[in-house]
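Sharing a structure here in structure tokens format.
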Amino acid sequence: MIEKYSIRTDLALEQKERFESDNVEVQGVVLEEDYDEEREIKVTTVKIETENGAKTMGKPVGTYITMEAPNMAVPDEDYHQEISNELAKFLERFIKSDKEEYSVLVVGLGNRKVTPDALGPYVVDNLNITRHIIREYGRYAMGEDAVNLISAIVPGVMGQTGMETVEIIKGIVKETKPDIIIAIDALAARSSRRLNRTIQIADTGINPGSGVGNHRNAITKETVGVPVIAIGVPTVVDAATIVNDTMENLIAALESSETLRGVGVVMQGYNAAEKYELVKELISPHLNGLFVTPKDIDETVKRISFTISEALNLLFSKGHAHIKENSVI
Amino acid sequence: MIEKYSIRTDLALEQKERFESDNVEVQGVVLEEDYDEEREIKVTTVKIETENGAKTMGKPVGTYITMEAPNMAVPDEDYHQEISNELAKFLERFIKSDKEEYSVLVVGLGNRKVTPDALGPYVVDNLNITRHIIREYGRYAMGEDAVNLISAIVPGVMGQTGMETVEIIKGIVKETKPDIIIAIDALAARSSRRLNRTIQIADTGINPGSGVGNHRNAITKETVGVPVIAIGVPTVVDAATIVNDTMENLIAALESSETLRGVGVVMQGYNAAEKYELVKELISPHLNGLFVTPKDIDETVKRISFTISEALNLLFSKGHAHIKENSVI
Amino acid sequence: MIEKYSIRTDLALEQKERFESDNVEVQGVVLEEDYDEEREIKVTTVKIETENGAKTMGKPVGTYITMEAPNMAVPDEDYHQEISNELAKFLERFIKSDKEEYSVLVVGLGNRKVTPDALGPYVVDNLNITRHIIREYGRYAMGEDAVNLISAIVPGVMGQTGMETVEIIKGIVKETKPDIIIAIDALAARSSRRLNRTIQIADTGINPGSGVGNHRNAITKETVGVPVIAIGVPTVVDAATIVNDTMENLIAALESSETLRGVGVVMQGYNAAEKYELVKELISPHLNGLFVTPKDIDETVKRISFTISEALNLLFSKGHAHIKENSVI
Amino acid sequence: MIEKYSIRTDLALEQKERFESDNVEVQGVVLEEDYDEEREIKVTTVKIETENGAKTMGKPVGTYITMEAPNMAVPDEDYHQEISNELAKFLERFIKSDKEEYSVLVVGLGNRKVTPDALGPYVVDNLNITRHIIREYGRYAMGEDAVNLISAIVPGVMGQTGMETVEIIKGIVKETKPDIIIAIDALAARSSRRLNRTIQIADTGINPGSGVGNHRNAITKETVGVPVIAIGVPTVVDAATIVNDTMENLIAALESSETLRGVGVVMQGYNAAEKYELVKELISPHLNGLFVTPKDIDETVKRISFTISEALNLLFSKGHAHIKENSVI
């Protein structure tokens, strides 16, 4: 249970896994898994159904869909088109609008100038923006392929704006009255293996930190007034997470090592609290504010952001009926 | 008067010059000039004092200060510091806040991805942003050098956002309640000689197009609810302007040419309306949407944007008392 | 013939058109035209076959293929794939390598920081670079789809490097010994209607200025030692060109105008030299160093650069046999 | 000695510290320290004087000067000017040219698109480039302030070019014949506390990996033919380094912990090789290719790159005589 104190993950899936690894059953949380063998895409749906489940998970009530595709980091254009297609399909489930035509504000969160944080801004760069055209010339100006009103903003981060992002979004929502927000953000994962290979979609909006309760800086239906769908890709791991994992591995190794069997015997004599005390001393304060990311992050962020913007362009165009075809899951 | 139909300038100074060249006196508009010989900085103040003057000028009532400095395009750091200092001084006159501490929203208008239009975004890149720090840790966190709350936004252009910029700004103002807005924008000049050598400051906000009346897309006290100071630098000339100027020159030359004296005689027989008809036919529709800009625009926009952000940083820091010293004008 | 003195075009096609409009037949230059109605792609091949032809045209002996596609500026992905395919096909004709596998150095000319000049750098950003992988792991590492050794450089412009680009390229060629160079550059057109709608491919390399003779700053087989294929897209028009065109139109109008018939009669009395003298006086020296470009240049340069990099990726992958299929021309 | 197997540092200073922490005296390596209390700048000079020393240190024979200034990460402009001044002074010692005027090629190493790796490219962005002007107009064109011929290149990284950087540099050197190269690169430190607070200058060039011997990919006098001065700033720590450090801390804690005394006793019974075996198992293969960097890396890289380019501009201008004045160390 050491990790409770120091580990951060933005993936509901990883949060659930932690409880599983501790053999703890979480009340009010339902897990579904689906695997598309041919395309090697694993889809996990975590539903947090009760406030109790939310409290345990440290994430608000809602549905979290995670697509894991090991080849997402590979530059195969056809494969990325399939992922775009799947993603569009999942997003459509969340939107379930009874309006035939709706108005969407896409928010590209993050700092364009820090490579692994630029995912949101890059997605916005490649979107088909239509709101101003439709308002000026009417829906028929777009042809029948695009009748939804798409607007987008890259608000910047607090160090650049001096404002909470939610202040900016709330203001824009009041003025432009979109039906729904889709917010794209770079996430922190617990496992470096998930970096740039995973997309999480959630109907819960963006919840900083522990993420439960009506945090004033959250970007959610409660704070901005319209539903917020979040799309996230883990591009970094907190430095403290990697260090913590290693220490756990070391302690586990000490407990089971042939070579160091004697140590293991002693370690087993100590309880979790004592182990935690030991680890806490060792986590360097210099790790705060540090993150871990891959060396080829420029290429992978560029590629995945393009995959997401293609999914959104597909979703928003009228022709999204055909998204469902060819769909396996 | 040909130019009335086709010429665009965002500089009040150039608008005034047009009437002067036509020997037309404009009622309700006052002009003051000042020249700092040593530093070769010419400062012109155009005050539009009546609605009639505004109508004639095609610009709202207010004060427009223009600094012209031929060396502004030259990479001389000391010289740029002097310009920053002058600029800070002029801005201070406009702010005249009775509050000792005030809250400013700086808006970097324009498209970061089109070099001559990137001025506003570049200025914001180099600002000292303080609002979030002061709100979190109090004014004393900043030392005594900076007690104003500075926030900033780069909203993007309509093609990127699908929204009118004023919608975005209005929303943010409602949420964050600044005392004043300073909006930075790249301008169109009439004369290519003024490109990147001129800074205009106005207390009238941003007024697209003809700029009179409460245009719904203007960013002014009327539309956003707080005073808006505009800082602009001409970085482009409309293609139609350059063509028009040449045609006027040609017609003038025909009228006075020794070689083509015969033509001149004939031309003099035609009135302005007939000449205008001639010119209108010749302005290619392909010139719409085209602009003219210098080849070294990357260097000059970078340099001038830095000069402006330094002026703002100087102005916003508590130490702005000393701006006035060493000041010539 | 006024234009001879002031007009610049980097398109062989436009140079040829000038002589045609003057009803001058150019010896040693052959023109072929092809029109693909369905896709609205016009392909013009200008072959300069003799040194005399080269001297008249102001461009070196060689073959210049121009693809004009009005919809190239439109964001239609399928259409851009067809253009990529056509472009790959034309490039393949030029390469005609007897080697089954060859080594290519792609050079992205221009200034990344001036939007209309960023075409070359942007093309390089999206290329599949393979030389280092093949040299490290052998050809089989790439699968059978890519066996050519592709390298690339974005040298920057002289103001950034202090070096002639040919110095940089010559040095790199000596060290890395490619079989061929493909150089991508933004061009100046004479007609604003061709901006961002035209691609020129030439087997003559890059020839600055008048472009004939072994100019020391040219990037050609003579100066760098290996064949150089040039791919160019006109993204700007010189400011002087637009002004000149307007003046010609005005003079032509004066000569034929009903309203100003009297002027026309007089004008017809003057010869070309007298008219040129008139025009020369009027071309402002302030136009030097100014260029004209469209307001949406960020979007069009991004889109066309992507189309060209896709063409190159298609060409360089082993699967380029299939480029020829589906090909109309 | 666990760290020998897994730790990477590009700082000679940190390499030396490792031996000191192990109480190992390194033959042929001399250390000098200097501390400027007022400005809190610590300057350490490591001289590797013998091949034996080089072998032990894993770095070539030469002089490595390290400036450590904790406030380097703080946005204080005056302080940065002092660091620029100091840096210029140290660089001047290395250049010791007997020519009154020399020609310098500045090389901005690294990947512009990965924020912590963009240091070199950013430095080049702000340099005063003069070679092309002096060659065109003579030395007097520059005024007396700049008579050295400065050229610069941002070669890109191997994944972008398909070429070893040394191939590119070697070729350019042969064509343009500079007297000296100054290469700027982002480094990996061992300690996260040194990130963005340290500048290392070395007269040994750039030596990838272990760095001893004439590695074919090194950028040194041996490989490119002219002296190479390297300027580096640590902006990242390898992920494996941080993990390793933590494990060492944990093992040390186990050996001394009051709580876990029993474990310590057992651990002390194992030798370094056994401990190493344990650690090796635990270092995740997923850590390869991952680096650690601070969240505000965009601001710090921008600021420090500007400090370095100012130092170079100062050094290269004729007025560098005055660098020495006001100098404390």
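Chains: A, B, C and D, in written order; residue numbering restarts at 1 for each.
Keep this in mind: a residue touches a chain if its C-beta (ideal position, glycine included) is under 8 Å from a C-beta of that chain, and two chains touch if they have at least 3 such contacts.
As the structure is a computational prediction, the values presented were derived from the model and not from experiment.
Of the two chain pairs examined here, C-D and B-C, it is B-C that is joined by more C-beta pairs in contact.
Distance from the chain B centre to the chain C centre is 36 Å, each centre being the mean of its Cα atoms. A straight line joining the Cα centres of chain C and chain D is 42 Å long.
Each of the following residues of chain A touches two or more other chains: 159. Contact topology of the protein chains: cyclic, one closed ring where each chain has exactly two touching partners. Checking each pair of chains for touch leaves A-B, A-D, B-C, C-D. Partner chain B is touched in their complex by these residues of chain C: 111, 113-115, 159, 191-193, 237, 239, 242-243, 245-247, 249-250, 253-254, 257, 259-260, 262-263, 266-267, 269-270, 274, 277-279, 281-284, 286-287, 289-299. Interface residues of chain D facing chain C in the complex, by the touch rule stated above, are 124, 129-133, 149-156, 158-164, 167-168, 170-176.
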